[in-house]
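In what follows, chain A forms one complex with chain B and a second complex with chain C.
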Partner chain A sequence: MTTIPILDERRRQIFQEQDNASFAMTCDRHSVAGSVSQRACVFCGSRVVLYPIADALHLIHGPIGCAAYTWDIRGALSSGPQLHRMSFSTDLQEMQVIFGGEKKLYGALCELIAAYRPNAAFVYSTCIVGIIGDDVAAVCRQVAKEQGIAVLPVHSEGFKGTKKDGYRAACDALFKLVGTGDTRDIAPVSINILGEFNIGGEAWLIRKYYEQMGVQVVSVMTGDSRVEELRRAHGAALNVVQCSGAMTFLAETMQAKYGIPYIRASYFGIEDMAKALYDVAAHFAAEPCIQQKAEVLVREQVAAVLPELQRIKADLAGKRAAIYVGGAFKAFSLIKALRLLGMQVVLAGSQTGNADDYATLREMCDPGTVIVDDANPLELSKYVIEKQADLFIGGVKERPIAYKLGIGFCDHNHERKIPLAGFEGMLQLAREIHTTVTSPVWGFVPFRAKDGEF
Partner chain B sequence: MLLRHTHPEIKPRSALTVNPAKTCQPIGAMYAALGIHGCLPHSHGSQGCYAYHRSALTRHYKEPVMAATSAFTEGASVFGGQANLLQAIDNIFTVYEPEVIAVHTTCLSETIGDDIPQIVSKARADGRIPEGKYVFHANTPSYVGSHVTGFANMTKAMVDYFAESNGRKNTTINVIPGYVEPADMTEVRRLASEMGIATIVFPDTANVLNSAMTGKYKMFPEGGVTIAQLKQSGSSRGTIALGTLASGSAGLAMDAKCKVPCQTLNLPIGLHDTDLFVDALHHMAGVNVPESIDLERGQLIDAITDWHQYLYGKRVGLVGDPDQLLSLSRFLTALDMRPVYIATGTPAGKKYEQSLRDTLAGIPDDVQVKVPGDMFLFHQWIKNEPVDLLIGNTYVKYIARDEDIPYVRFGFPILDRMGHSYFPSVGYRGALRLLEKILDALLDRKERDCSDIAFELVL
Partner chain C sequence: MISSHSREAYSLGQIPITPSAMATQNGCKLCAPLGASLVFKGIRGAVPLLHGSQGCSTYIRRYLISHFREPVDIACSNFAEQTAVFGGGANLKTALENVSRQYDPALIGIATTCLSETIGDDVPMFIKEYRAGRNAATVPPMVHVSTPSYQGTHMEGFHAAVLAVVSALAHDGTAGSEQRVNIFPGMLSPADLRHLKDIVAAFGLKAMVLPDYSETLDGGLWDTYQRIPSGGTSVEDIATAGSALASIELGHTLASRTLTAASLLEERFGVRAIRIGLPIGLRQTDALMLALAEVSGRPVPPRFTEQRGRLLDSLVDGHKHVNTIRAAVYGEDDLVAGVTAFLSEIGITPVVCATGGRSRHLTAAVQALVPQKRHAHITVLEEADFAAIEAAVAAVQPDVIIGHSKGYAMSRRLSIPLVRVGFPIHDRMGGARLLHVGYEGALALSDRLANALIDQRQAASPVGYTYM
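Take a look at the complex of A and B:
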């Protein structure tokens, strides 16, 4: 067993069943200075949540980097406008850092609105804006008044917390749009889908399922989104919230102001996908045909994917997986999905899980599974080797680490290109895992080649 | 049409950058620092900065990219980041055990006004820096210059902190390769080594960001210039700094600090600029150019003459970093091509712009140059009058698709193709590769578009 140095501050962010009986994970804390954490910042959180609003203007107020690094890197697909894929920046220079950037912001907004006539504009504050003290909200108010469109400040200064605080800042901005549209033609059986970003077209799949059940989808927040549908989101009867962190805050605010109840859902894996449909049907139990339609849909969809899943399972049974994802909810679903494929999860971790999340994770995992919060590459590689994982599921920064260690990888973050949600998505996920885990390329890895395994 | 939002009417913009042809200083500093053996780059700012830089470099190189962060909170932003940096230095040497930490600042820590040298001295005085280990820094405010500036600042910091003269001159020659790919750094060293010259190449990301698959994860791969070499560089016979923007300041600093004479050249991209590099090596080291290099040069000229008939008069649009654009323009004009539109996001200065314009002076077409400009303006030029070929980083692919123009990927970042970290574009070999790519793009298009009747086996 290899040993690596672990800071005392971090010891309680890693849990292994055999360590001892007590389970009290430390989490929800800022990363220690000097860490090689895989986490991002407040701005990043806001940017991912609002990015899929395709007919809005997204202006990043700060030096060029924050705009450059978030230029079309996330495959949140739009069926119509592509304005969200442009990169707009005030590109702040030394002069503005000294004398303030409000004038430049005002100028940029006016130029952009004149050129594109967007349906709304979001202005993201970056670190430096918080330090030099630009009154972004005041500029937004002024431009909104002059141009007659909603101009919404997003208070996403990078240092003001974690990525979760960025989700919250985005929700604050979204909430200002909700409640400003006409809701007259919305059916009583209707929902908003929250926390689904249409990566690889996943929101389209999920929307289709609900519509087949006879449920109207008023808005997806946010995936392939339009400003108009967000404005009337308060007309829906129910909010269905995916993901632990990103959009719960908005659901709570909408419940408080508009009395719209919310339920949680996950669309990854057959089990959770079916549950997400049945839970919505149960909410509209007064309309029994919805439950019936849900049952038919689930039956048909499962029947369509199960035979191939069984064939894949035969190859994957007994293989070991490591999961390190952003939110813990995704980890829950993945554990179930991997079990369906006969795989065992030997490492489960997240960047932003809270105490409840980790308690749930521990319950779900087999004894011996390592559970980590805010891990670094050394820790991840140590446990991958120690637990002899065959597969790593993570994001962009984890992929080359997995490959260097000579194991398969599946991107379950920005860079997935095919839908992994829904029933079809489960099949795609299984195929992707099967392809990578059984690939002959791992036979070239020196230590395997020596062992004569291949 | 992904860029349907680009309208052809060009209006002056004063407050806005759209689709940037640059990014910020810290990523360049991080890339340069990765070219030191056993170095952990450290971002003194919010957590997001280094996450973005690591992701961007990982996407470009398909390699793990290691760096640490001061993880600023609201408190640090009010009271200064000294406590964060001190704790970071402690933690990094405890957990990750690098040989050296290369601290770069961010817009946040620059604006707060953290004094990094003072913090580093305090860390040393407190015994936080183990014996034989180093912490050094570069100031890289994101609101000045671009990623190229950050690279230049970090490279200069290597000289400022480490280079020392031992009082006599060794036979080694320093080569500062510029903001180029690991394969390019290997290629400049190979050319010198063919001539029998011992070099100190810094920074050197070869075998750091194009390392071998071994089945093991190494936080600090084999490659990179060592601190011992950086110290010795102050006693080298001379320095060749490749690329005024990326390497010039480090070369001058070396001259001023250690009296090592420096010659600043264009990046050795294309025939002429490689000639100048080889010539400079030859004079500086007092060695002859071996036949093997004559052969490489001869092969390049042979290929150029064999294929020139497909190149002449072709209009080319280029976006990228200033040092690359200048040499590439010189190469293209030598091939009788016409680089008519050139944009870089980096504010490279009037003198630079003039040398670029001088290079393009013989082109009969209406030439557009914007320093600093962005890709939106570049696209507008093309909408007004198209080109035959585009050369630029991956972001140019939107324009190539929308306008249906042949396209060669070159520059930073390349997020969607392989090759850049393995095959050089500098030197005679690199020029051959660029020529191949340009011809492939042009001829594939010619054959895609021509009629069945005109489609011929031999071109």
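Take a look at the complex of A and C:
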């Protein structure tokens, strides 16, 4: 077996208990040049946050690639308009690169707004827009004035930072919408759900739970959201923020400007899902019945899924899992969810975790678990082989690594079509894992084949 | 379980898709670096390296992985804000160093992006500087191709990369005892490439196929991790291209390009260039067979005569299902031209022939391939997006749509069956194994077309026939 070399510059972004007693991981840095990072770019960060706003026009200002690769790729569902599933690009050509793209941007915005009557438009800047000197903000102001809708520039040039900076650019754009709507009919017991993108209908599940507790959901950012909802989000009493970094910026700016407090939540796994409900109940402790309703809801929901989870656990107990996801918060929840199924986590990592995240990960993980920041395919392969993983949880880019080596795989990224959040989602996750890990095909793969077989 | 929303709720609802003059909506093309990356994946031991932002390689990787269902490692020089200000030289050199150390590649294929092109990076100079400080024996060969996405589609990137590789690596050398032929297949599936190699070998010729990603992007399972998947055409074999008997370049619209890999080899080394269309359907495959027979000096091997016989037999058996049918075809220029040629052979009128490509040669190619009496029934769209394609398809209501997965939404909205060909196939298994070329490819395609039409008739019938 050929050894897989680790680049020197990356050594401090990988942690293994046995080879390093002191824990100080390097993270939160730009990817090393030449490393095949699993991360994307600033544009990607902005695009994932804003994508599910279904009645807005999402126009990508640049050459065709960025729009082509993000056309209808996510499982973010809308209960109404489907405009977010279109791919709109100014498709810049050499002429615009030389003479500027503002005219084409203006023309494209006017035509598309006339054709689709969106309630707002987001204009994403890609790499070359800043270089060629287009004043995107000025074009947006002009079109907004002429067309009477909000036209918001998103400063998402790919090279200007990491995916996290893209989250921030998206939050900046969203913040311009927040505070412009009517909040009169909003109840005192009300929340915004931030960082929930309605993949496979997850936001619908979460919203239903909170509503059953008697909590009004003013907006979901941005799963199945509408411009009008976002405008009045400042009327909510509390922001509940899922996901490590994506929307914390917005929660912080809303706290500063409107005095709305925020709490963190994760909806993955029974434990964290229940906690997310109880934490909101605790925030509204002065209101009668909310805590009680939450308890009833959790009891009923857990009772509904537990018997099947127990049956699945019998088959999965003792199996080894590797987790590599975008945000570290998801990794925390998955570790707990996998423990519930009797599985052991042998590798945990994320694209965008920070120092606190990795400290938490280390505390949660068993000794010997490999922890990686911004890993690449070679590193991931090295450790899943060394640790003999039976399951890999990641996104589409990690799938072929797992499959080539004969390891089960579960997609936990935005491209999936099934809900994995909430109590029902935990059951779906367990079924997914069970389906992949228990397949008889693994018995044939070269990696595990017995002597004497092909 | 989740929702009771109707099927209609998930369509674009009441809003009709309206073509736009200024914007591209649901583009029927990809960016140039994707095409170049695919070419580099077809060279043994090569690692593609994009000179630009992190997202370029990640998005392209995801797009290719979702089709081929194989690991696709594409490195990137990972521009940061300072890089764009001070130039990408330092980043590129670090990237070259790190790729060399991690992958030990036989070649690094460097494609630029719109960002590095716009800031005016002199990539050949950076490469020269990188090499200058190092022992020549330990540095892998490097090929640079300029692929700004504002200058064309993935096909421009693809053809430019093939040309750049040949230009950088091919020598004249001595012909040797082997009878060698260069094959420039264009953007075909791994199954197509395997079939082509098989055909060429049967004529006693050794093929230098560029690119050949038949194994690197459609291989078996691994018993240990492979840094670079096995397979592909070796740098040494590419070097011999200048002494081959001939180059066979596939694609009808290549004529629109002033310089191609085959024409360069002809100019530089006197290697005869033979240009035919993609060998899709009967006549185009015949043309390939005749070209190979001529180059090799051998008759067409009996197994191909037999394959041709089975194809004809099946075309006769199925002719009533397809004759007089109308189809819409979209995709890359050359694929559309090739499929259109085959459709004409079996009586299907290609009422819409559309591409997002900009060879500006599709109209001429279609007119040359389809009998003149049908020309009046055909709309050819070049540099089209799916909004324009859907409007054209909706206007003529064909019986079947032929193209890649990105036409599914159109097919669903218009309730017209989609027969999947080409790239990308993101919503079915086996995209890499779709066979389009040769008599076998035509057989597979005609069966799938006939079955799609039979399936539709069967499903629409109130009787529920089990015997069609």
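We adopt the following convention: the second predicted complex is superposed on the first by the 446 of 454 C-alpha atoms of A that agree within 3 Å, B and C clash if a C-alpha of one lies under 4 Å from a C-alpha of the other, contacts with A are read in each partner's own complex, and residues count from 1 in each chain.
The rule we apply is simple: contacts are C-beta pairs under 8 Å (C-beta built on N, C-alpha and C of every residue); 3 or more make two chains touch, one makes a residue touch a chain.
Being a predicted model, the structure only gives us computed values, none of them experimental.
K.L.:
Quick check on the chain A-based superposition: chain B and chain C, clash or fit?
P.N.:
Clash.
K.L.:
Regarding the shared-chain residue A:E424, is it in contact with chain B (first), chain C (second), both, or neither?
P.N.:
The second partner, chain C, only.
K.L.:
In the overlaid three-chain picture, which partner chain does A:G80 touch, first (chain B) or second (chain C), both, or neither?
P.N.:
second
K.L.:
Does chain B (first) or chain C (second) touch A:G200, or do both, or does neither?
P.N.:
The second partner, chain C, only.
K.L.:
After the superposition on A, what does A:V298 contact: first (chain B), second (chain C), both or neither?
P.N.:
neither
K.L.:
Where on chain A do the contacts with chain B and the contacts with chain C coincide?
P.N.:
Touching chain B in the first complex and chain C in the second, residues 4-5, 7, 30-44, 62-71, 82-83, 85-94, 96-97, 104, 107-108, 111-112, 115-116, 126-128, 130-132, 158-162, 376-378, 381, 396-397, 399-401, 403-406, 445-447 of chain A appear in both lists.
K.L.:
Along chain B, where are the residues that touch chain A in the complex?
P.N.:
1-5, 7, 11, 13-20, 22-24, 26-27, 40, 42, 45-49, 51-56, 58-59, 62-74, 76-77, 83-85, 87-92, 94-97, 106-108, 111-112, 141-144, 146, 213-219, 345, 376, 395
K.L.:
Quick check: in the complex, which residue numbers of chain A touch chain B?
P.N.:
For this pair, the touching residues of chain A are 4-7, 30-44, 62-71, 73, 82-83, 85-94, 96-97, 103-108, 111-112, 115-116, 126-128, 130-132, 158-162, 376-378, 381, 396-397, 399-401, 403-406, 444-448.
K.L.:
Which residues, counting only chain A, touch chain C once they are in their complex?
P.N.:
1-2, 4-5, 7, 9, 30-44, 59, 62-72, 77-83, 85-94, 96-97, 104, 107-108, 110-112, 115-117, 126-128, 130-132, 158-162, 200-201, 204-205, 376-378, 381-382, 385, 396-397, 399-401, 403-406, 419, 424, 445-447
K.L.:
Residues of chain C touching chain A in their complex?
P.N.:
Within the complex, chain C contacts chain A at residues 1-3, 5, 9-13, 15, 17-18, 20-27, 29-31, 33-34, 49, 52-63, 65-66, 69-81, 83-84, 91-92, 94-99, 101-103, 113-115, 118-119, 148-151, 153, 221-225, 227, 406, 409.
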